Structures are given as C-alpha cells and as structure tokens.
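All remarks here apply to the structure that follows.
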C-alpha cells in the first residue's frame, strides 16, 4: 500500500531537533516511527524495558531514550539521552508535524461531485475532502463526513452522521450510524494549566469485511497505527484507543473499551462492557467475560472473567468462598 | 396497529427455502416470527429448551429445530430438522428479506415538504424518507434523519443529529440529541473470514411518554421487536440490544447496557453503568445497583448489586468478610 | 461574567407560587438557586441534612424544606414547608421557566453570516443560533450546531457533528467530533405513567484549555451549573451528569461516568470505565483505578480501586485472600 500523508510534514536535520546532543551523522529525519517499524533515517524512541527485544533490532539511527536503557540499543544507533522521552518525542513531533496535535476539522470537505465518484451512492448532505478515494458500489449515509485523503474500499456501507478521517478502509466494510473514526487519541504530557498535546501522526486501518455498530469511537495511532483486522465485528459504543491492534475474526460486544497500545489476537471474543488496560498482549482464541477488567497479558485459548480478570475456573472458585 | 413493512419481502414456498426437507403442505411462507407470535403460515424456530412452553403452543406450521427438541413441538407443526438452527434461519431470512442484513442508509430521505407536514416543526437540514408519518406539534431537531416508513406520534420532541429508522414512536416522546434508533443489532453466524449477517426484520417500538437522553443506541429486533414501555426514562449513552423489552415506568441511568433478548419488567430502576446479560427475565419493581453485572433472572421486588449481581444483603455481607 | 439567560423566565410573587404558605414579605422571586448561591430574593431549597452548613448561611429569604430541617435555616428565611421538596421545586421551576424541562431544538439556528463572525472558521453546514458569541480564530466543524446564546472563546477547535447549547466555553478549548454539551440532565419526579420533568435552568461552563474527546455527553445543571475546570482532559465517551463539578488539571479516561452533583477536586486522574456515584466529594490529587465504582467521598491524595472502590492497599490485600 502506498504511503498516504494525512498530515503536513516539515523537514529537519536531527541536530536542529535536538541541539544539545552531538551527532556523528547529522541527517534529515525522514519520519518518526516505532522501534520495530523505523528505518535508518526515522527517529524512534525507547522508554521502557518492555520493548527491549525490539530495541536490539531497530534499524533506526536516531533514538530518544533514557541513560539506563541506552546500552540495550544497537551500537550504531545514535542515542539521544533525555529526562522525559515522551515529552521530547512530543516536542519533536510537533516540529515535524505542526498540525497533528489538534483535530482541525477539514474545512475543504464539500458535496462530492458525481463525476468524480460515478459508482458511489451518496445520500444527502455528505461532505467529502480532497484526495478521498472511494471504491465501487459503496454507500455513504446522510450527513456523513469523509475528510481529506481517506481511502474507502468497494462494496462498503457507511451509515449516517459518520465522521471518518486519517483512515484506510478495506472492502465490504460496514460502518453503522454515528461512528467516529480516526480522531486524535488521548495522549498528552501533563503540564500544570497547559498540557502538551502529543501529535498523533498514525492512522486507522480497518480491514476487509469488518462491521462496526453504531456510535463506536476509533482513535488513530500516535506514532503507530490503530488496526482492526479482517472480519472482526464490533457492537455499539465500543471505544478503541490509539495504537490498539485487534486481530481478525474477533467479536467485541457493546460498550467494551480498549486502552492504548494493546494488541488483541485473532478469533478473540469479548463480552459487553469489558475493559482492557493499555499496553497488553491478548493471545488468539481468548474469551473474555462481560464486565471483566483485564489488567494482564493473556495467553492463547484462555477464558477469563472478573475484575481484575482471572481464569474462569479461578473466578468461579473465588465466588463460592 | 397496522403492520408496517420496513423491509422489502419476497415470496417463497417453504420447499424452495428448505429443499432437503419433505413437507406435507407446501405453502407460501407469509413471514418469519417467534414461536409465540407466529401464525400458521409463518416460519418459526426453536433452538433452546428454555422456550419449550412457547414451543408447545406455537401456531406455526413450519419450525426450524434440532432433532432432540422436535418432539416438544405440536404434532401438526412440520419440523425442519437442521444442524444449526440460527444459521438456517439466517439464510432463509436473507432470501425472504434480501436487504435487512445491512443498514443501507435511506437514499430517498430529503428535506420534508411543509405541505405534507403542516403542523410539524422542523429545524434546518432535516431529512425525511418516504411514507414517514409524524404527529401534530412534534419538533424534529437540526440534522436529524427520519428514514422511510418511520411513525412518530404527536407532541414529541426529537433532538438534533438523531437517526431513526425501522421504528414506531408513541406520543409525547422525548429523544435527546444524537440518539440512534432502529439500526441492525449485533447478530451474525461466525464464519472464518466471512461472517454471515443475520437479517434483522424486527423494529423498535417506543411507547408514549418515554424519554431517551443523549447518545443512546437502540437496536431493532432480529425476528422479534425491541420495545421500550410507557413512561420509561433512559439516561445518556444507554445501549439497548436487539429484541430487548423494557417495561413501563422504568428508570435507567447513564451508560447501562442491555444484551440481546432480555425482558425487563415494569417500574425497574437500574444504576449507572450496570450491565444486563442476554436472554434474562427481570421482574417488576426490581432495583439493580450501579455498576452491577446481572447474569441471572431476577424475581419481582428484589434489590441486587455486584458482579455478578446478588441480593443486596448478600453483597453487603460478602464485602464485610 | 455577565449573566446569560438561556431560558425564558416569567415573574411571580412568592405567594402565587406557593398559595398555601403565608409569607411575611410577598416579594417577586428573582431566580431559583442553591443554598450557597442564592441571594435574598432567590428561591432556594434544603432537602437533606448533608447541606446543613450551607443552609445556616444562606442569604435566601424563601426556602423550600421539610418540617424537620426548618430550624437549621436562618431565622429570617421564610420556610415553605412541604412533603416533597424536589417535586414542589420542580413545579415552581416549571412556572418560572416554562421551557427548560424539555430540550426543544433551536429552530432559529441557521448558517452563520461571515459578516457577524469575520474571524471564525466555519466548515460546511454549520448552524448557529441567535446571540451566539464566538471568539477569534475558533474553528467550528461541519454539521455542528451552536444553539442560541452560547458563548465560545477564542482559539477553540470544535469538531464535526457537535451540538452545544446552554454553555459557556473558555479559550483554547478543544471539543472533538460528536460531543453533546448542555442538554437537560436526568432529573424527574417519578409519577405513574406520567413523570414530572424537572426543569434544568443551569448551564455548562467549560474553562480554558479543556479538551473533550469524541462522543462525550455533558449535561447542564438543574439549578446549579455543570463545570469542567481549566486544563482538564476527557477521553472518548465520558458521561458527565447535571451539576457535576470537575476541577482543573484532571485526566479522565474513556467511558468514565459521573452521576449527578458530584464534586471532583483538582489534579484528579480516573481510569477507563470507572463510575462515580452522585453527590460525592472527591479531593485533590486523587487517583481512581480503571473500572472502579466510587460510592463514598475520597480525601485528598488517596489512590483507590475496586467495586466499591477502597484504598489501593486494601484492594490488593483483599485480592490476595
């Protein structure tokens, strides 16, 4: 897939971004990416030993990190040692991507021309931004807004009052009324009376055959992307935070919430109102009971329930006591 | 009340729908209904012993069921024995109602004519579909969409950014901003990489004097209807799944969720963020504490709390341990 | 800040409102306010010993109350002794403010004139009511509705599909897509088949630098105001009920719910899906774990978790048992 630039990007040499660090090679920073995704001229960041295996293998030559983590990075990666990795990352992002920290609504969005989209069925009052691509036989419901550069596949059905931005949708996707997709996630550096908003330069990727029921909110990624895998179905009012990756063939019931950066496997089923904490790894074929609060990683094929969630057998035993 | 056809229906003889079954009487299937609601030429289904008392009394002459449940049906009901009742039901529904499995937005909806609705107060940018009926002195807020064949009573106040489809509203109903009513529920047959969506041919019935606060989502029924009884009030962000029936004079606080097919009695009060599992029966005058997770039937006049919810006395005793 | 009248007000002498009470001074009621906020010609109400310290100091000369609380009020406050304070209050409010009990959508809202708002950036299909004020360099997203008399500060970014009514927004506020702000809260006197809706004459005040993520619902106050303090950030799908006051510099994660009249201190952080009961006082610098159910007041600097929420140490000890 060709890279789409949802956000205006500015060009900086690394020494301009971090003037108090001495660099051996003062190159232009191409982009900002995670340890795993970064190429040599991408800036990356390493702020927790949790990610040390990715750190070892990163291709990035420029990494923001802490003094005590620096030796876990490759020798030829230049270390930018700081006191607050996320804050310095946020400030660099704000320089490179000046407009990704606030969701300025797309003022260019207007009624679509029949000529440009001859095989798309638009209901009344639809607004479409610049460079939007929509596949054949796709429906777009009334009052929906498709912001600039969004890509929507063929045979999709997008309901009414939907807003989609910074997103790539596959084919045969169904989005029910009032979903909000691609908005900035909940990320900022807390500063007294004046928080620093973390620019969100990621996007949302929704794969083929996905169905989102009404009033779901799917935040775009911060540095990474938010992904919903093939043939996964979400019920009403589900909240998916930034950078979450949900696998394929999952069933997510109503009012479930996912905190940021959690990775869900394939064929996972989650009962209504369950909550999944951030930065977790949930395996394949996991079943999570309704109302559970998941705070730990879960291995493949486990069934868990409770707050905090424990294996079902344990949950039932505890209840008998 | 005269039957309204929200969905285009096709006509099939029963032998065309189920060619591998031999029928004594090869009639045209009139409709698809629950065991209790079906008349003789309606197709019905019986997939759990939970519904055996309704099975005994069904008037339907054509019933999808399992081998081991077949003898609980009346002698003169022809049994269509299958391996997956819901899947065969879904496939038959898809043939009879080809457009009820996806919420295609109503492309016919357009600005209402003053002539047709002389006593309705429309704000700006309202869209109204074909055959919509709206009673006297009703307000419809800006940007709201009333899809084809919806019926709204008199003296109602519908807020802004509301979407209503496949729904019948009584008189004096208040719907606050951004509610989504009548969309397809969360029902499908899980199939690897290509789930089979269950057509939802039911509707939503909202009785007189109901009030729905902002951003509620009320799914329509699958084969049955979803019903909210007279003078029941829902707070913000409540999720009501397909086929749920809520009685009259109930108070449902914010962010409560109801899973599918649950039946709630009259004068029930439910605290914020409580979750009610599917296929339950909650009696009259029940009180459910905020944040509870209800997984069992509850008899009349009980007060319950906890996860899973237990009688209040038991909940308090357990907390003291 | 100059008082804004969001609701049409009628003038009554106190004896007209309560004809069965004998008054020493039969003055015109100026407004209806809480014990703490009322001035001498404002009607107030005192229905729980919880508020006795405010009762002692009220400046109001007319107070609805119960016989057994009357002696806690100042001598020169005339007591209006009733059997149901809230019901009598609601009936008086309905007389004084005949249109505050139902959210009639603002039929006057229409496309804004460039001349009136030369420095505001409006996307397509925005509707703006009468007497709205919007500060310099503020963006208003497509399909958003700003109802009559709303005040929005400068440098704000309001997303798409947002509805704002009865609200005052500070500067540099960010409101993401689909938020609903200022609607009537969940307040009524339960009456069989015909509840009496409590008029909501309060407003929503959102201070400088606040950020609300997508699909939040912020109800206006009933008699008091709902307030979100400076630099507080809310994640997606948060529900804030009437009269809630959230301090400054708070972080509220996704799907949190606040019941009515609760007061949250400054620098409070609340994890996803937590629920806070009504009429509580949460101190400064409190941390509330995700999924918790808070049912008691919390002192400054506490960390709590669980359902019901208890100090973290206790929660962890209980889990080990």
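Letters A, B and C name the chains as they come in the text, with residue numbers starting at 1 for each one.
Keep in mind that, in the parts below, a contact is a pair of C-beta atoms (placed from the backbone, for glycine too) under 8 Å apart; a residue touches a chain by one contact, two chains touch by 3 or more.
Everything quoted here is computed from the prediction, not taken from an experiment.
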{"item": "Degree value of the rotation bringing subunit A onto subunit C, based on Cα positions, nearest 5", "value": "120"}
{"item": "Numbering shared by both copies at the subunit B-subunit A contact, with half separating same from different", "value": "different"}
{"item": "Intercentroid distance (Cα basis), subunit B paired with subunit A, Å", "value": "33"}
{"item": "Subunit B, residues touching no fewer than two other chains", "value": "125, 143, 161, 178, 215, 237, 255, 273, 307"}
{"item": "Residues on subunit C engaged by subunit A in the complex (per definition of touch)", "value": "121, 123-125, 139-143, 157-161, 174, 176-178, 209, 211, 213-215, 230-231, 233, 235-237, 248-249, 251, 253-255, 272-273, 290-291, 306-307, 319"}
{"item": "In the complex with subunit C, residue positions of subunit A that touch it", "value": "102-107, 109-111, 125, 127, 143, 145, 161, 163, 178, 180, 183-186, 188, 190, 192-195, 197, 215, 217, 219, 237, 239, 241, 255, 257, 259, 273, 275, 277, 293, 295, 307-308"}
